[in-house]
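Scrolling down, you'll hit the structures one after another.
Heads up, the next two complexes both have chain A, just with different partners, chain B and then chain C.
Here is the complex of A and B:
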């Protein structure tokens, strides 16, 4: 395409589009990059210049617990979200167009409800005298309430619920690009439905699954409201811990160090995603046709 | 290779829509049979019923006397080449061809010989390691063929495999497919809407219209002895003269048409009756044009409305008392003939043996 002769006045058009990019970039630089840089600087200057905050990362047992908590909850959330999201996407991709529109609307509708409201709704449903325990005890299936909330289980339930649309959409987008005649071809070549799924459909749906996985993982690492509400202070993840250091114990050095580590991990995952999985980067180079 | 395939009153309807009317069809072992028809004629439904993707609402499909109507596609052992080829994009050429053998639980080592033979047959050895996206359209088709033939299927089904290619390549691949059929000896069932493809490759052609087979025969029989006006109009061109009244007399028919009384024949020499809604079909190249009244059994006079030179022949539209007739005159003859010009009056003549009385239902426009 670049070899095509450039029309007259292209230079001016290019400058116009350049301006369109420069303005939002300037906004981001002033109100996003500068504060983030400030966080970076604080992490090596608070309370005094040096890397003492980062050595804590290696030494502090409390920090290790927080990091391991965060990693474990995020990984569990990612795995569960991917399984449920894959099933849902598989379901809608085989629906009739009309039913599919309704199903996708239901998925998107959950984007419009704030994380806070959803978290408290889950508390209401999962708490000892909540909906689920009420029903189970009413039916006589259990004698005392199950511990569904203010623990890791509650946090994971809430996070999986929040993350599902983020998994469904990329997985579904990828699935809808898979040529259905391939499944027919596979059947005529002697593979039954089960083998056709695993040999033909599943391998081709992997890019969507991987993209969704990294997206969910990145989001999960930084979750704040959902674990704070559903964990009831017992499942502290990195974001809640940072918030406590900033607003309660006032250890800004530790807080900014953890924030920096979190940003680094997320950036590394994002780069890895666009480079090796060709998600995002692949989208751009194919002109949006994944 | 003794397998014969039989359709017995196979029907398919979707609610009130009939996609396939009760159809009987016999595919002979080793033949190249083409299902030819316009879109919506039921040819793809017929092929998909054969492949096992369309469950007939009535009738049976028999392979060598065994009922296979309820057998799922993966157990039928039929090779299918799809429109657009349906190569697995995540597998290399070799892996694509190995796929059906893997589905038959053959290890890579055991399948190697068969896969390599299939690749050799289609002259694909240099491309074994390539991914399908890195192949040209013609090469992709050869991979699809190798994949569909590697497991020695009872039958090879081809669903408009050439429609995605450009014209010059299509021509070359027609020849290739025909040669391949001769070489492997497998029964080919080929679906197309392109009459040229059908004529150039098939042993027999089944012409479909509105979910029913109109006629099955060899290409030349279909061309010279069509049994319905639809077949006469779909394969090549024909002039149609609606019949208002007719009576049979010995082997021939005398019929009243808008442009006079005509002598014609029924498609079968052993007689039959004139259908209620009939017309006379005459091929444009069987009509002779002359300046003086010809001796032919049927002769009419008309004015040349349009005259087009096509190299091998000259095509004329002649207005015969309001009925437009299409006439092809060999170019050599046209050059020697005086008075062939737009606006000129001319005599047209044809024998009773080239004018067929056919049922008019579904006459091509």
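Here is the complex of A and C:
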């Protein structure tokens, strides 16, 4: 009784778990992969078969402007977010536990609050009769309102605000894994603070920094809400441009071509990022250790 | 790190920067004016009242809740099933299929909009609850996979084998042994998936028109024409709920 049914049961269990993998995959293939792959196909068949949509990438001045806008805003956002995020992580590492809990709570709260609501709040803060201009004019520091919104500055402020939690969490996770006794050893051996920081601490914090940077870049390149709300139509990035092609000018070929390029770039960045940040398994083991 | 006053100052500055939009919502929501402004002479609850009295806000909250609950339920079924299957079998399936299952997390939302606008038009799912729920469920599934995988990492597979060898069927083992062990992962996955749907705007802008009108779309419209302070009232309420849930969660963990 004990020996005979077991292999049979084990075989059935194997099929059971196989089914648990196959069914969600089939579901995703039908309702997700198919429509998304269709976009890639449309980019070479719409309006007629061929690569004409892709040659526009080299020829069209309007597209160049959009792509350069997107790159410039994304890079500025990434650099600023990394600098602020790194300093933040460094700062809270040396705080009292209670202060650190409060700072991290604010980061997490910010992470969970709707991007749309936050963009709305930034309009209220930055607009000509908003909070900042009101204070500056009330103090008599400026005579007419500064242009803080409906331009690139507003977009970058909003985007840095959105991206900071995504940068801080991996950078801080990496920093708290660095062995502090190495820094003490370096100091004992006669290196000063700067040297210890640059030669001992900083190199070890690079994987977190690189992973966070690529993650922020991935999200920035395809970002829609914040540029659309805070840019007020003046800072058009690739996502907003795609949406205009679909809802206003109905140029499906261009829209799907740009969407394809965006997917390719994002997938390439993700593969590169997986060298620094382990998604899935690594996340699980990290959670286990902490 | 010694001598870290400068980073500490920056850390507090960043904290204030992160908190600023949250802190500004409450005063704006109390303005007696019809336009976006800070209250100067007296406060008023009129924007909270308009939230309650204007049926469109309530309808949108209802739509959003319905879509988010269904999408989260579907995401939990798909994500948990996949994560448990991978946990027991691993190997090829894990290396090849896992990245594909996680793709909706990384693919930019605007690409989803293009894809589902075209795809759902072909099968008649545009502007339907089903259409939106399907997309939101797919966007939530990767988060469920990650949280359930994290919960399973702390769970000894031999427990499952023990249940099986003692004669429990696969279903019974799942319901009585595996699922109770990963309750926490399922719950955080469900919360993630709910929130992804509740907050999703870009796909909703493209694939819904009149029948389905979620809250983010209503907010988006409010941003488009004149910036309505009722959004600040709504934002304030949403922030209170979020912070309350976060505090409840951290208390529960302790």
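To be clear about the criterion, the second predicted complex is superposed on the first by the 249 of 290 C-alpha atoms of A that agree within 3 Å, B and C clash if a C-alpha of one lies under 4 Å from a C-alpha of the other, contacts with A are read in each partner's own complex, and residues count from 1 in each chain.
Throughout what follows, contacts are C-beta pairs under 8 Å (C-beta built on N, C-alpha and C of every residue); 3 or more make two chains touch, one makes a residue touch a chain.
Predicted model only: the values in this text are computed from it and were never measured.
A.B. asks: Could you tell me if A:24 is touching chain B, chain C, both of them or neither one (first, second, both, neither)?
C.D. replies: Only chain C; A:24 stays clear of chain B.
A.B. asks: Between chain B (first) and chain C (second), which, if any, makes contact with A:94: first, second, both or neither?
C.D. replies: Second partner only, chain C.
A.B. asks: Who does A:259 touch here: chain B (first), chain C (second), both, or neither?
C.D. replies: Once the two structures are laid over each other on A, A:259 reaches chain C alone.
A.B. asks: For A:145, decide between first (touching chain B), second (touching chain C), both and neither.
C.D. replies: In the superposition, A:145 touches no partner, neither chain B nor chain C.
A.B. asks: One more residue to check, A:128. First (chain B), second (chain C), both or neither?
C.D. replies: neither
A.B. asks: State whether chain B or chain C is in contact with more residues of chain A in the superposed arrangement.
C.D. replies: The partner that reaches more residues of chain A in the superposed model: C.
A.B. asks: Under the stated touch criterion, which partner chain does A:267 make contact with: chain B (first), chain C (second), both, or neither?
C.D. replies: In the superposition, A:267 contacts chain C only.
A.B. asks: Which holds for A:177: it touches chain B only (first), chain C only (second), both, or neither?
C.D. replies: After superposing on A, A:177 lies clear of both chain B and chain C.
A.B. asks: Mind sorting out which residues of chain A both chain B and chain C touch, each in its own complex?
C.D. replies: Of chain A, no residue contacts chain B in one complex and chain C in the other.
A.B. asks: Using the touch definition from the top, list the residues of chain B that touch chain A in their complex.
C.D. replies: Spelled out, the residues of chain B in touch with chain A are 51-53, 72-80, 82-84, 86-90, 99-100, 102-104, 147-148, 151, 157.
A.B. asks: Using the touch definition up top, name the residues of chain C that touch chain A in the complex.
C.D. replies: Chain C reaches chain A through residues 1-4, 6-12, 14-15, 17-22, 24-25, 28, 36-38, 78-79, 81-82, 84-86, 88-89, 93, 97-98, 100-104, 106-120, 134, 138, 141, 145-146, 149-150, 152-154, 164-165, 170-171, 195, 199, 201-202, 205-206, 216, 219-220, 223, 227, 231-232, 234-235, 238-239, 242-243, 246.
A.B. asks: Residues of chain A touching chain B in their complex?
C.D. replies: Result: residues 179, 181-182, 184-192, 195, 199-200, 203-204 of chain A touch chain B.
A.B. asks: Which residues of chain A touch chain C once you look at their complex with the stated criterion?
C.D. replies: Going by the criterion above, the answer is residues 6, 9-10, 12-14, 16-25, 27-28, 31-36, 38-39, 42, 84-85, 87-88, 90-95, 102-103, 105-110, 112-125, 127, 129-131, 134, 161, 164-165, 183, 193, 197, 201, 218, 221-225, 229, 238-239, 242-243, 246-247, 252, 255-256, 259, 262-263, 266-267, 270, 279-281, 283-285, 287-288.
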